[in-house]
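Take a look at these structures.
In what follows, subunit A forms one complex with subunit B and a second complex with subunit C.
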Partner chain A sequence: MKLFQKKHASLEDEGKASAWLMLLPSIFLLVITSVYPFIWLFRYICYDYNGYTAYFTGAHNFYHMLSDGIFWGSVVHTFEYAGLKLIFIIPVSFLLAALLSQKILGSSLFRAIYFMPTVISTAVYSLIFGFIFAVFNGSLNSILSLMGLIHSPVDWLGNPKIVMISIIIVALWGGLGNYMILFISGMGSISTDVYESSKIDGANGIQTFFHITLPMLSPVIKVILMLAITTAFKDYESILVLTNGGPNNRSQVMFTYIYQLIFSSNVTPQIGYATMLSVVAALIIGVVTVAYLILARKLDDVM
Partner chain B sequence: MKKQIISALLASVMVLSFSACSGGNGGNAGSGTSAGGAKTTIEVWTNDRHDLDYVNSEIQKFNSSNPDNIQIHQTVITDDYVNMLSMAKSSGTAPDIAGISGSIGIDMNAFADTKMVLPLNDYIKKAGADFQKVTESDDHIYEGVNAVNGQVYWVPTVVRSGTRMIYNMDLVKKATGSTTLPTTLPEMVSLAKKITQKGAGQYYGFATTKDAPFVRCFEGIAEMAGQNRYGYDYVNGKFDFSGFKPIVEEFNKLFTDKSVLPGSPSQGVDAMRAQFANGKIGIWGNASQEAGVFTEQFPVKNFEWKVAELPTMDGKVQGALTIQPEKGYAIMSTTKHADQAWKVIELFSSKDFLKGYLEKGYGLPFSKEMTAAVDTSKTGRISDFALKDYESVYPAAPSITIEGEDMQKVLWSAVMGQRNVDTAIQDLNTRYNKALDSDVASGKVKRLVIKDFDPLHPSKGTLQYLDK
Partner chain C sequence: MNRSHVIYSKGTKTARIFIFLLLLIIAAIMVYPVVYIVLGSFKENMELLQGGANPIPTHFVFQNYVQAWKQANFAVYTQNSVLIALGVMVLTLFCTSMAGYVFDRKKFRGKEFVYNLFIAFMFVNVGSIALRPMFELAVKVHMNQSLVSIILIATGTGQAMYIFLVRGFMSSIPKEVDEAAKIDGCSFFGIYWHIVFPMLKPILATVALLSFRGGWSEYIMPLVFTMSNDALRPLTVGVVMLKNSGNGAAAWNIMFAGATISIIPIIIVYTFTSKHFMEGMTSGAVKG
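Let's turn to the complex of A and B:
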C-alpha cells in the first residue's frame, strides 16, 4: 500500500512537473506581453513622460483628467458609438444567422460574402469608405442623388450631426459577418431532436424561433454580447482613418484621443497622461462589462 | 505513434515561433563586425522613402568600393520614426546613424539632453574645406533644429522650400480672363470665389485636407505677416497667438464663400492632390514636394499649373518664411563605430552624391556650391520652388506639454468657423503660457529669449536660455 502511495505521489509530481513545463511557454509569453506592459503602464501614471525623460508630477495627471473636457466628451461619444453599434449589429447579425443557417440555395455563398469584411484590414476598408463617403464625386452621394433621395451632396464625415451615423455604418459593415458566424455556430449546436419534436407538436417557424432557438442559444448570446460590448468600447481604428476624431472632436472616442496624445506628430507626446487615461478607460470598460455580466446572471435567474 | 508525430510537429512549430520572435529585430540590431573582422557594418535608419532608388544605388557603389571596408545597411522606417528611434535607443537596438530632417518633428533639445546623439563639431572641424563648401555647415546652425547650445548634431544637405501657392492656370484664366496671380490674401480669397462661381459645382476655387491642413499654406501666410508659426514671441519669451486673427478671418471667408471643395476638410492629402491634378481645384498650397507629386505621383496632363509665392496680407513681407533643412544624419550615442559612421555621413554629404541627388529633384540645394553645381535642366519642376531671399529657419520654440488641444487644431477649427477666433486665441494664450511657465519651473524646458530678434532674419539673433 505504502509503495503504491509513494508511486502515486511520484507520478503526481511528475505530472505536475510536466504540466508546469508545458505551461511555461504560455506563462512566459503572458508575463512578457501582458503583465510586464501592465506594470510598465502603472509606472508612468504619475509622470510627465515625453519618451526621453520622465518628470514626476504627482497627482497632476489625475486632476487634469478630471477637468479634461475633450476626454469626458470622448467617453460620451464612446458610449454613443458602442450603444448605436450594439443596437443594430446584434439583432441584424442574429437575423442574418437565422436566415443563413437554413439549408437554402446559396446560403454558404452569402455567409462567405457577409464574413468577408472580417478578414479585410480595418484600415484598408475604412480608407475605401472614405472615398465612398466623399462629398465631391463620392459614390454614395451619387447613388443617393440618382435615386432622388438627396438634392445636394451630404457631407458624411464633415458634418458634426451625421458623422457618428457614417462611422456606425462602417462599423456595422465591418463587424456584421463576425457575429453572424458566431450565431450560426451556436445555432448549429442545438440538437435537431428538439426541433423535430416541436414540429411534431405542431409549432410553426416563428414559435420555434422564439421558444426553442432563442432560449437554447442564451448561453451563446451571453458570450457574444460580452465580446461585442468590449469590442465596441475599444473600437477606434476605423475612426482614426475616417475622421481622426473630427470634425471638432465630434467623433473622438476614448482610444482615438489616447492615441493622439502619444502619436500625434505636432505635439510633444504625453505618454504619462495618456497612460492615466488608458487606465481610466480600462476601468470604464471593466465596469460596463461587469454590469452586463451581473445583469445577464439576473436575467438567467428570471428565465 | 500518430500522437507522437503530432506532438513532435507541435514542438517544432513552437521552437520555430520562438526563434522567429527573438530574431525579429535581428536585421536592425545595430552594428557589428562581420565574420572576418575586417568589415564594419554601419546601420543607417531613414524615414525617407521617396529617394530610395538613388540612395540605395549609391550605397551599393560605396559598399563595393570604399577603402575602409565599411558596409552600409540602410533600413527605412516611415511610421512613427521618432518614437521608434527613442525606443530602439532604450532597448539597445539603435542604429549607428539616424537620418534626420527638419520636418519630422524631432525635439532636438530632448535628443541632446538625453544624449541620444553625439555632437559632430569635432568631426566637422576636421572634415576640411570641401565639406564646408558643400554643406556650409558653419552657416546652417539652427538652435533646436540641428543644434543645441552651439553643439551641432546633424548637418542638413538639402532644403525643402517654404510653402507656395499652386494655381490651375486654365481655371484662373476662365474665371478672370487674365493670368495675373494674386499677391495679397484678400485677392486670393476673391479669386477662389470667382473660380468657384465659374465652376458651378464642377470645380472649386480652393481645397484643404484633413492631413495637417494648418501647414499647407496658412502657417506660411501667417509667418510672412509677422506671426511666428509656433505662436512664440522670441523677444519676450512667451506665447502670443494674437497675430493669427486677421489670417484666420480671411481664411474663414473661403469657407463662408463656399469656395472650398466640399468635403475636402475630411479627405486625405493624396485624394486632394488627385483632385487638383484632375482639374477640380483652382488653388492649392504646399511646399516643394509637390513638384514630384504633380509630375510623377499624380501627373497633371490637361492644364498648365504655376507655382507662385504665398500672398501677403498687405503686399509687404514682415517675417521670414520657414524652410526645412533636410537630409542630415546624426550619430547615435550608442554606436561603437563613430569614426566609420562619420565616414558614411561624409559620403552622404559629398558633392558627387548630392549632385546626383539634387538633379533627381528630391530636394533643393542648401549651399552656393551645390546651387552652382546642379544642372537645373535635369531637376524638373522643383526649380519652380527655388528659395526666396525672405526664407529662413527659425529657432525652435520651447517644446512644452500643453493640456488640451494644440494650436494647429484650435486655430484651424476657428478657420472652419467651428469656434470663435477671439476665444480661440485667448484660450491658446492662456494654456500655452501656463504650460510654458510650469515646464520652465519644473526644469523640463528653458525659456528661450532673443532680445534682438529680427523676424526677417530669425536665425541671426543672440539666444538666451532662461531658467525662469
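Let's turn to the complex of A and C:
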C-alpha cells in the first residue's frame, strides 16, 4: 500500500514536471514576444537612442513630447479615425446582422461574402484600395464621373479634407463582416420562444427589435463594442500602406507616427523618444477603455 | 448559429425585395476590390495606366504573372509566404494544443498566474515599438537572416487566443476519458499524445485555419525584419514594397499580379471553409 502511494506521488510529480515542460514552448514565445519587449520599453524611455548609441537625456523626451505638434495632431487623428470608424461600422454591421439573421434568400452566402475581407491581409487590401483611389487611373473616379457624380477627378488620398474619409471607407470594407458575424452569433443565442410570444402579443418588427432584441443583446453588444473600440484605437497597418500618414501628417495616427520614428528609412531613428510616445499611447488607449467600461456600467444602471 | 427572428416582420413583398436589393448592392461592393484586382491582373500595363471604369481587360494577357514571377522575385516571395504560413500553423498547433491541455487538466501552483499573463498580454498592445527589441534580440542570436524568427514571433503574438480556444474545447471533453487512461498506466504526456490530441481535432482544424491566415497576412513584422533582405520577404511585403519603390507607377501590372497571387490562395481556402472561419472568429472574441 505504502509502495503504491509512493509510486502514485512520484507519478504526480512526474506529471507536474511534464506539465511545465509542455507549457514551455508557449511560455518561451510569450516571454520573447510580449514580456521582454514590454520591459525593454522602459529601458530607453529617458534616453536618446538611435539604434547604435544611447545617451541619457533625463526628462528631455517628455518635454519634447509636450511640444511635439505632430504627435498631438496624431492623437487627435486617432480619436477622429476611431470615432468615425465606430459610428459607421457598429450600426451598419448590427443592421446587416439583424437582416441576415432572418430567413432571407441566400443569407448564408451574403454572410460569407461580407466576412470575406477578414481573411485578406490588411496590407494587401489597402494596396488594392490605393489603386482604386488613384487620381487619374483609379476606377473609383472613373465610375463616379461616368455616373455624373463628379466632374473633375477627386484626390482621395492626397486631399487633406478627404483623406480620412477614404481611410474610413477602407476600414469599413475590411471590418464590417467581422462585427456582423459577432452580432449574428450574439443574436443566435436569443431563444426563439421570446420572439414567438412577442409575435403572439402582436408586436411588429420594429417594436420587437427595440423591446426584445436590443435589451437582450446588451451584454453581447457591450463586449463587441469594447473589442471594436480597442481595435479602432490600435489600427495603423492600413494607414501605413494607404498614405503613410500623409498628406502633411493629416492621416497620421499615434502608431503610424511611432512606426516612422523607429523604422522610417529617411530619418535617424528616434527610438528613445518613440518608447516615451508608445507608453503615452498605451496609456491613452487604457484611459479610453476604462472610460468606456465605466460608461457601460452607468448605462446598465439606467436601463 | 441558428437562424432567429431578430426582426420579426410581416414583411410586405416590396420591403423584402428592397432589403434583398440592398444586400445585393453591399455584396457587390464587398467583392468589387477582389474582382477588380483579379481581372486587372490580366490587363496590359498600358490599359491599367489609362484607367477607366471597365474592370474587364480588352484582351487578356498572362504576361504580368510571368514578369512578376521571373523579374520581380515573386517566386521567392510566394515561397516565403507559404513557409511562414505553414510554419506558424504547425508551431501554433504544437504549442497551443499542449498549453490548452495543461491549463485545463493540471492543477499546480502558478498555473492561473501564467494563464492570466497570456490573457493580459492579449490586451496590452504597445504597437510597433515591440518589434525593435525583438529585432535586436534576433540580431544578437544571429537569427535575423532567417524566416525562423518571423515564424516564432508571428506564433508568439497570436497564440493567446488559440490557447484560450483549445482550453475551452478541452473543458468539454469529459475527464473520465483521461482518468481511465491514467489507471491503465498512461503518463500525463501520453494521455495528451494518444488520447487528447485526436479528440481535439475539430478545434485544432479551426486553429490551423486561423493561424495559417494569420501567418499569410502578416505585414508589418516581416517588413521590419526584412528591411535589408529582399530574399526573405513574403508576398505582402514584396508587393507593397513595389508601390514605394521608385518605378511604382510603371509596375502596376506586376503589383496587380502580385496582389492576386497573395489573395487567391486564401480566398480559395475560405470558400471551402467559410463556416469554420466564422465560427472560429466568434468563439475567440465573444465568448472571451
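To be clear about the criterion, the second predicted complex is superposed on the first by the 271 of 303 C-alpha atoms of A that agree within 3 Å, B and C clash if a C-alpha of one lies under 4 Å from a C-alpha of the other, contacts with A are read in each partner's own complex, and residues count from 1 in each chain.
One rule holds in what follows: a residue touches a chain if its C-beta (ideal position, glycine included) is under 8 Å from a C-beta of that chain, and two chains touch if they have at least 3 such contacts.
Predicted model, so just to flag it, every value in this text is computed and none were measured.
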Record, for the superposition on subunit A, whether partners subunit B and subunit C clash or fit. clash
A:173 in the overlay: touching subunit B, subunit C, both, or neither? Say first, second, both or neither. second
Touching partner for A:88 - first (subunit B), second (subunit C), both, neither: neither
For A:79 in the superposed arrangement: first (subunit B), second (subunit C), both or neither? neither
Please work out whether A:292 is in contact with subunit B alone, subunit C alone, both, or neither, and reply first, second, both or neither. neither
Based on the superposed arrangement, let me know which partner A:130 touches: subunit B (first), subunit C (second), both, or neither? both
Touched partner set for A:138, first subunit B, second subunit C, both or neither: both
Per-residue touch tally on subunit A - higher for subunit B or for subunit C: C
Scan A:55 for contacts with subunit B and subunit C and give back first, second, both or neither. first
Of the stretches 61-69, 79-87 or 187-195 listed for subunit C, the one clashing with subunit B is residues 187-195
Output the subunit A positions appearing in both contact lists, the one against subunit B and the one against subunit C. 25, 130-131, 134, 136, 138, 262-263, 265
Note which residues of subunit A are touching subunit B in the complex, please. 25, 48, 50-53, 55, 57, 64, 68-70, 130-131, 133-136, 138, 153, 155-158, 242-244, 246-249, 262-270
Across the complex, what residues on subunit C touch subunit A? 1-11, 16, 19-20, 23, 26-27, 29-31, 33-34, 36-37, 40, 48-53, 55, 91, 94-96, 98-99, 101-103, 106, 108, 114, 117-118, 121, 123-134, 137, 152-153, 155-157, 159-160, 163, 187-189, 192, 213, 216-220, 224, 227, 235-237, 239-240, 243, 252, 255-256, 259, 262-263, 266-267, 269-271, 274, 277-278, 281-282, 285-286, 288
In the complex, the residues of subunit B that touch subunit A are 14, 18, 80, 82-83, 86-87, 105, 107, 110-111, 113-114, 116, 204, 210, 212, 261-268, 271, 275, 280, 399-406, 408, 413, 416, 418-419, 442-444
Residues of subunit A defined as touching subunit C within the complex: 11, 14-16, 18-23, 25-27, 29-30, 32-38, 40-41, 96-107, 110-125, 127-132, 134, 136-139, 141-143, 146, 173, 176-178, 181-182, 184-188, 190, 192, 195, 198-199, 203-206, 208-209, 213, 220, 223-224, 227, 230, 234, 236-237, 240-241, 254-255, 258-259, 262-263, 265, 271, 274-275, 278-279, 281-282, 285
